[in-house]
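Note that chain A is present in both complexes that follow, paired respectively with chain B and with chain C.
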Partner chain A sequence: MNRRLFFGALLAGAFVVLALLSLVWTPHPLEHLAIAERLQPPNLAHWLGTDHLGRDVLSLLMRGAATSLGVAALAVSLGALAGVPLGLWAAARAGWLDELLMRGNDIVFAFPPLLLAVLLTTALGPGAASAILAVGVFNIPVFARVARGLALPLWQREFVLAARTAGKSDGRISREHVLPNLAGGLVVQLSLQLSLALLAETGLSYIGLGTQPPQPSWGRMLADAQTLTALSPTLALFPGLAVALAVLAFHLLADGLRERLDPQGAAR
Partner chain B sequence: MSPALTLVDLHVELAGQPRLHGLNLELRAGEVLGLVGESGSGKSLTALAIAGLLPAGARTRGQVLLDGENLLALPEAQMDARRGAALGLVFQEPMNALNPLMTLGEQVAEVFFLHSGLHRPLSRRGAVAEAESALARVGLGGMAGRHPHELSGGQRQRGVIAIAMALRPRLLIADEPTTALDVRTQAQVLALLRELVREQGSSLLLISHDLPLVAGMADHIAVLRQGRLVEQGPALALLREPRQAETAALIAASALTPRPAVAAVSPEAPLLAADGLVREYRSGGGWWGRPVVKRVLDGVSLHVAPGERVGLVGESGCGKSTLLRTLLALEPLQAGEVRLQGRRFTGAERALRRQLQIVFQDPAGSLDPRWRAWELVAEPLALLETVPDRAEQRRLACAWLARVGLDEDAAERFPHQFSGGQRQRLAIARALILQPALLVLDEAVSALDVSVRAQVLALIDGLCRERGTALLFVTHDLGVVRAATDRLYVMQAGRIVESGATVEVFERPREAYTKELLAATPSLEAVLSPR
Partner chain C sequence: MRRLLAALLLLALCLPAAAGTLRVALQLEPPLLDPTVGAAAPIGEVVYGNVFEGLVTLAEDGSAQPRLAERWQVSPDGLALTLHLRTGVRFHDGTPFDAGVAKFTLDRARAEGSGNPQRSLLAPIARIDAPDAQTLVLHLQRRAGGLLQSLGSAAFVMVAPGTVATNPTAPNGTGPWRFVRWQRGNAIELARFDGYWGEKARLDTLRYRFIADPSAAYAAVMAGDVDLFANFPAPEHLAQIRADRRFELSVGLSEGETLLSINHRRAPLGQLAVRRAIAAAIDRQALIDGAMFGYGQPIGSHFSPRHSAYIDLTGQSPHDPARARALLAEAHWPADRVLSLKLPPTAYARRGGEILAAQLAAVGIRTRIENLEWAQWLDQVFVRHDFDLTVIVHAEPLDYGIYGRDDYYFGYRSERVQALLRALDAQSDDTDRRATLQALQRQLSDDAVNGFLFQYPRLLVQRAGLQGVKVNAVGSLELASATLPDASNAAVAQAHGRGGLPHAVATAALALLALGIALLARRAPPRWLLGRLASLALTLAVASVLIFALVQVAPGDPARYVLGMQADEQAVAQLRDKLGLDAPAPARYGQWIAALARGDLGTSLTYQIPVSQLLAERLPLTLPLAALALLAAVALALPAALVAARRPGGAVDRAVGAFSQLGVSVPDFWLGVMGAWLFAVVLRWVPAGGFPGWDAGLAEGLRALALPALALALPQAAILTRVLRGALAELAHAEFLRTARAKGAARWRVLWRHALPNAAGPLLTLLGLQTAYLLAGSVIVENVFFLPGVGRLLFQGVTSHDLVLVQSLVLVLVALGVAVSALVELAARAADPRLARRGGGA
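Up next is the complex of A and B:
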């Protein structure tokens, strides 16, 4: 196991565990508003302090992780579930269909994703579902392109030719031979996209288009903390750190996986 | 003559594994020593050990004496000075040995420049002039300004040789120098090596898996097996009277017995008939421009009778592989048609597809690395009208695994857990499980060691004889064609240039191209027959 993979998996795993834990237990109840205890610096009762409504920052961060990771994971799944079959289809049917799908991809790629996500969520109304859809749509061409790129050389391999002489259809070959052989590359991409989706979700909820209050999210917490930086600087620090660490975790994971799955990397 | 190169009790360990076990070799000045052996015998490792290019973590023991100086004891900086100046190296793949961003002339000049201190002080311009003449010596005069991609495979290898011989080293090590080349190019490159060595009085260590090739070049031959020297001696004596059983086996496997002539099968009801096949590739041009059209098959016609064994030979790039793919309906045709059992075959006819199966060249590439052996063998069963259930598929696959000589526990293993020969057996089992009327072999034994090649050829022969399966051997290896086929097509640049009974074509070739091919093919017979 290489170092990047180890630390990436450790950090990402910690976030996932905290997020899942927050669904059943948080150090302090989230609904508990205590204006008297607001804007406390980190102390023994509240390890990371309290916000302007007296809520426990650690509890908020944990539940925020659940929100952010959940939205990111669903958005990436949406992108992968739609994008990978499209990419496989394009690779199997070289020619005009491939051309059409890939030029369609180019069009989606041509838009700045966050800007269009803003447009989409404005049109659909803000909320977690819109954020998932918006971020997910922009993941489709990424996965389509990666799947196609990995699948094309596989279609030239002799084992695929052998499967064709065994009379198998393109769809069946894609499913039985191509997909399993590009799974490694897709896992790397999944991890990388997860970190980007996480960042996109935070951005959307920061400008108020993602998850809506009272549901806590990291972006929301950053936005709230912004006006209070002079009073309580740690309030912005912790959600910012959480975002940075989570993105780093999935990047490390992707890098580590790439190194692990690359046969030449393994030889080193 | 004094020895130029002596290996004394050379041991090499890689990652803790002993790979060479006390090798003693002697190469005299001005001589050619052929080092032969199958894959894994330690041939290339020996070359790397002499050149001091073993991978990191390798450990050596013993001595490599070049003109009395132990190279193993030299520090890296001094070894650098020896490489190029005292010993030249030529490896198998010329494309990898050349820098794609530098012209040939620059790469040769670099050698002069790097070693100019040793030799004599040299300006860049002087180095370029030297490079020109070094290139002229290998027949590449005027090519100094070209980049590697502008050269043919043979020219590239000449360029590598020019670099290796630029400083007229005492010793040239050539590791499979012609394995990536066509036979005619191979003959030219070998002739060049022979000439340069003689002219400059250098010694040549020629490493190859190809005994006939080495036999035609070497004064002495050393046979390696699993990191040990089996036998060493003067070439002719060693080939005529091998002292070791392993040497004898290698010689026997290298010289395939020609197949006895059989009466021609009447071509009235051909099993496979291809008529006027044309395949073109279009490239470039974008959406609107005029694409470049390359005609790879230019009206190819051939036929195979039921039970017949037909060979198709040609050099790389002649269109053999494309022809095969069009026969198997894996690629579209621009003109012409393929008929199987009298009916037109376009790929959609499942009943016809069952009659036509293929074994590819690279057994590692033709087996999906993520599938188990029995699943791979059972794959074509999907072509049956009623596909058997999984248990039945497994039973059938296991029966075929046994028939190709693989034991029962092979069924659950993955391709990487088999040797090259075993993998090709898997591929053969897969091709035969439907009991096709025609088995196509695309260079199916080219990647195998000679001893394994003989076994696999015997296996194919036996299995196909049982059912009267017809065979279409596609290969660049004339020895294989002669040993395994009755009739022969010779292909050049997308056309069939000659066809006829194999014996006829070998003994009385009509076309100049066929004659050239035959003359260029190294043959043990030719070396051993008294001239």
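Up next is the complex of A and C:
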């Protein structure tokens, strides 16, 4: 167990646990507004202070973790579930299909996720659904590309050729032989994409196109805090730190997993 | 000696009053500058009373005061209003003002299909006569007691017949200030009109800037970038501003009533008991404290406390949760009912909405908050009445007439109120009117028509010593009598003469780029080149279809956004027709593509000027910003990667690795926020927001872009460092490098001359991708620092539902990204011929 994997898993695990916990319990109730107690710095009653409406920052961060992680996880899952089969298919059937897929990938890649999110929210209205869709759609070509890249060399290998001679269909071969060998690389990519999706979700919430209130989200906490930095500098500090640490955690996890599962690829 | 001093003193007194430029900030930039065709409040804020004038103006208490009309009388039967106009009045272009022009203005405003947002107020007029140059007679078809006050509205300012077409972008009026120029997204400049009929303006120039973001506004004030901030958007900072001796704060009340509007059409909300319960659940003072930091005055009905007829009815609907619960029980309020609370994108609504939701929840009324952009709010709440509750400020003065309108957005209907309004029309005597208005206020309060929250405050922040600023009843600033304490002004000095250098730089850069492209293109095989171009074209075509499809699916009516809440249905329909918004989708797509082929990116719906012009104004900010960020990223990454790769696995390498790990994890806008706080608010090294324009000098411009570029660059630098270091480290084992070392070359030389060029391929490809991301990332960063670039323009287009703008801009950004990627691929092939053989990138 290398250091990166250890710390990454620990940190990421901590965030996930806190996020899940927030769904049933938070140190202070989230709906409780106490204007008189607003903008307090960290103290004994409120470990990370209070926001402009008197709500406990720690509780908000925990629930925000649930929101951000939830959106990111759903988006990445969407991308993987759609992208991996596409990539496997492209690797199996090289030729015009492969070309078409890669061109399609290029087109989606040409759209930075933010622009895609902007368009989607113009069409569908802002909200978690639009954010998941925008970030998810952007993940599809990533997973397709990775799956294809990992699968392609495998199609030259003997055991696959043997399976083909035995008459197995391309689909079955992909499922039974190719996919299991990709698992390591895909898990690494999942973790990496999760960290990127977290950043994207925060950005979208920050400009108001992602999760909507009263659902707490880290990006929105940052946006609210921005106007108040002169009154309470720590208000913007904690959400930003939370984002940075969560993204870092999944990044470390990805690096650690890569070292463990795919040592040759680690040099890539 | 004493005589000399006395002479000097006398001389000083005789000097003309303080000259100079006044820098004014407002929250929102107007979409156009003609209040007779657009209703957005910012239009009047800039031009009303300054550039344009009406026949009368409204005093604080709501009475009509002479402006272009000196005096007037109403005929005994109330059916003729005669106005005697001023003499010697001219428009800025020299056109004389007389009754003929006044008749033209009013006839134009009240004509069918005029597009005037307040056209319905002139409905009582049957005919207008101009018997001589100084007399205007309005013949009415019925008595209309409030007509004179209506003439004070910004929509009825006097316009010259010859210039109506150009007024939206180059206003020509009779006011003390004449229009000089408008740099969209940046500033509007007005200069003193020396031919003014009244007291000439004391200052030379007015320069308006637009800052809606509360923290950017605060930063601009503290940095001394503005002399005057009308409707300051950050009540949370007023305590600090008050304490600072450099500023003066003037707190008053605006004409805006802040309401929790209730949709009477939605079943239980139609019941009086329920609405009274809602009123009893509201704690106005807690709301004002939480949402407005204590600024604002509680109101009990829909009427401005500044008006002479105002009565305080807050005592009729005090905060009483117990009573609220009792009323709800009486009305059999269903416990599972959840009300939709739809909020427009303003701070008072967002914060206030959350507080109100909590207060309503405390008595058992559950709500679901939906945050909408203006275009959505107008569409869902105002047009389609698809809401239960909303929070909104009604900013027009004396707008109690909305309670008599059929099918207004909150759906209230009362015979008694309509009778009172009719009576008001028939009365011109002040005492009678006051009694009727008071009865009206009581009726609205008794009926608990809406949750009457508070009168929106007017927060004016100005430099100490600034005198003579007048706020008129419509809410705009009249600055003719404004004087500054000192005549010198840094902004004026920088404004001219330094524009040459940035232009030269831009031209040089473009020339170099063209040369580079030509050289690289020569090296590549023509077949590959053609193939790449074809692929580019295909990508753009598909992208255009995608963009068009998504944008067209969007709900909401852009025409309504331009014309505003008070506009006629007819005016809206006219605008839709004029803009061709009702044609079928494939036809519109075809038109769009055909226009693009001609180089026409379309005309923005909100600004009503060509998108290409808007783009041309904004690209000089976004492109340099992206370029600076890229340069900074490379400048940071290259040395870091070189140092790290020198000794792989060493302490420096691990440190660099850790930093870059962190750098990738941190959101760039957070860096921006914290950086702005540190470098702009605390240290004051750089401005916290805004862009003075390249006209102000290269150094000033770069200073404004420094922090945003850095915020964008740091995460990119982190990625670059990782990739570059990885590539260099991988190469470290390569044989040719070991040969070089064996020959005695120093480590640095080996890295620099041998390893680096081989890493150039992937590096360049990455840089190409990064540029596309930087261009898109500018959307967020430009919002953090309030930079008038392409990203911010796109964002404003989305929120105002300017479909044409969004379509064309996204396509341009995508095209730029794709083009840069292709160019970089070209460069990479030239740098690393192996890429050509390998068959191109994956």
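Rule of thumb we're sticking to: the second predicted complex is superposed on the first by the 262 of 268 C-alpha atoms of A that agree within 3 Å, B and C clash if a C-alpha of one lies under 4 Å from a C-alpha of the other, contacts with A are read in each partner's own complex, and residues count from 1 in each chain.
Simple rule for what comes next: contacts are C-beta pairs under 8 Å (C-beta built on N, C-alpha and C of every residue); 3 or more make two chains touch, one makes a residue touch a chain.
All of these numbers come straight from a predicted model, not from anything done at the bench.
Contacts of A:T26 after superposition on the shared chain: neither chain B nor chain C is touched.
Looking at the shared chain after the overlay, A:T211 reaches neither chain B nor chain C. In the superposition on chain A, A:S191 contacts neither chain B nor chain C. Once chain A of one complex is fitted onto chain A of the other, the partner contacts of A:S59 are absent, as it touches neither chain B nor chain C.
Taken together, the chain C residues at the contact with chain A in this complex read 213-215, 218, 234, 236-237, 240, 286, 289-290, 345, 347, 350-351, 354-355, 357-358, 361, 369-373, 376, 535, 538-539, 542-543, 546-547, 550-551, 553-555, 661-662, 664-667, 669-670, 673-674, 676-677, 681, 726, 730, 772-773, 775-777, 779-780, 783-784, 794-795, 798, 801, 806, 810, 813-814, 817-818, 821, 842.
Note for the complex: chain A touches chain C at residues 31-33, 35, 38, 52-53, 103, 106-107, 110-115, 118-126, 145, 149, 195, 199, 202-203, 206-208, 212-214, 222, 225-231, 233, 236-237, 239-240, 243-245, 247-248, 251-252, 267-268.
Partner chain A is touched in their complex by these residues of chain B: 325, 328, 330, 350, 353-354, 356-358, 360-362, 365-370, 379-380, 382-383, 427, 430. Only residues 157-159, 161-168, 172, 177, 180-181 of chain A touch chain B when the two sit together in their complex.
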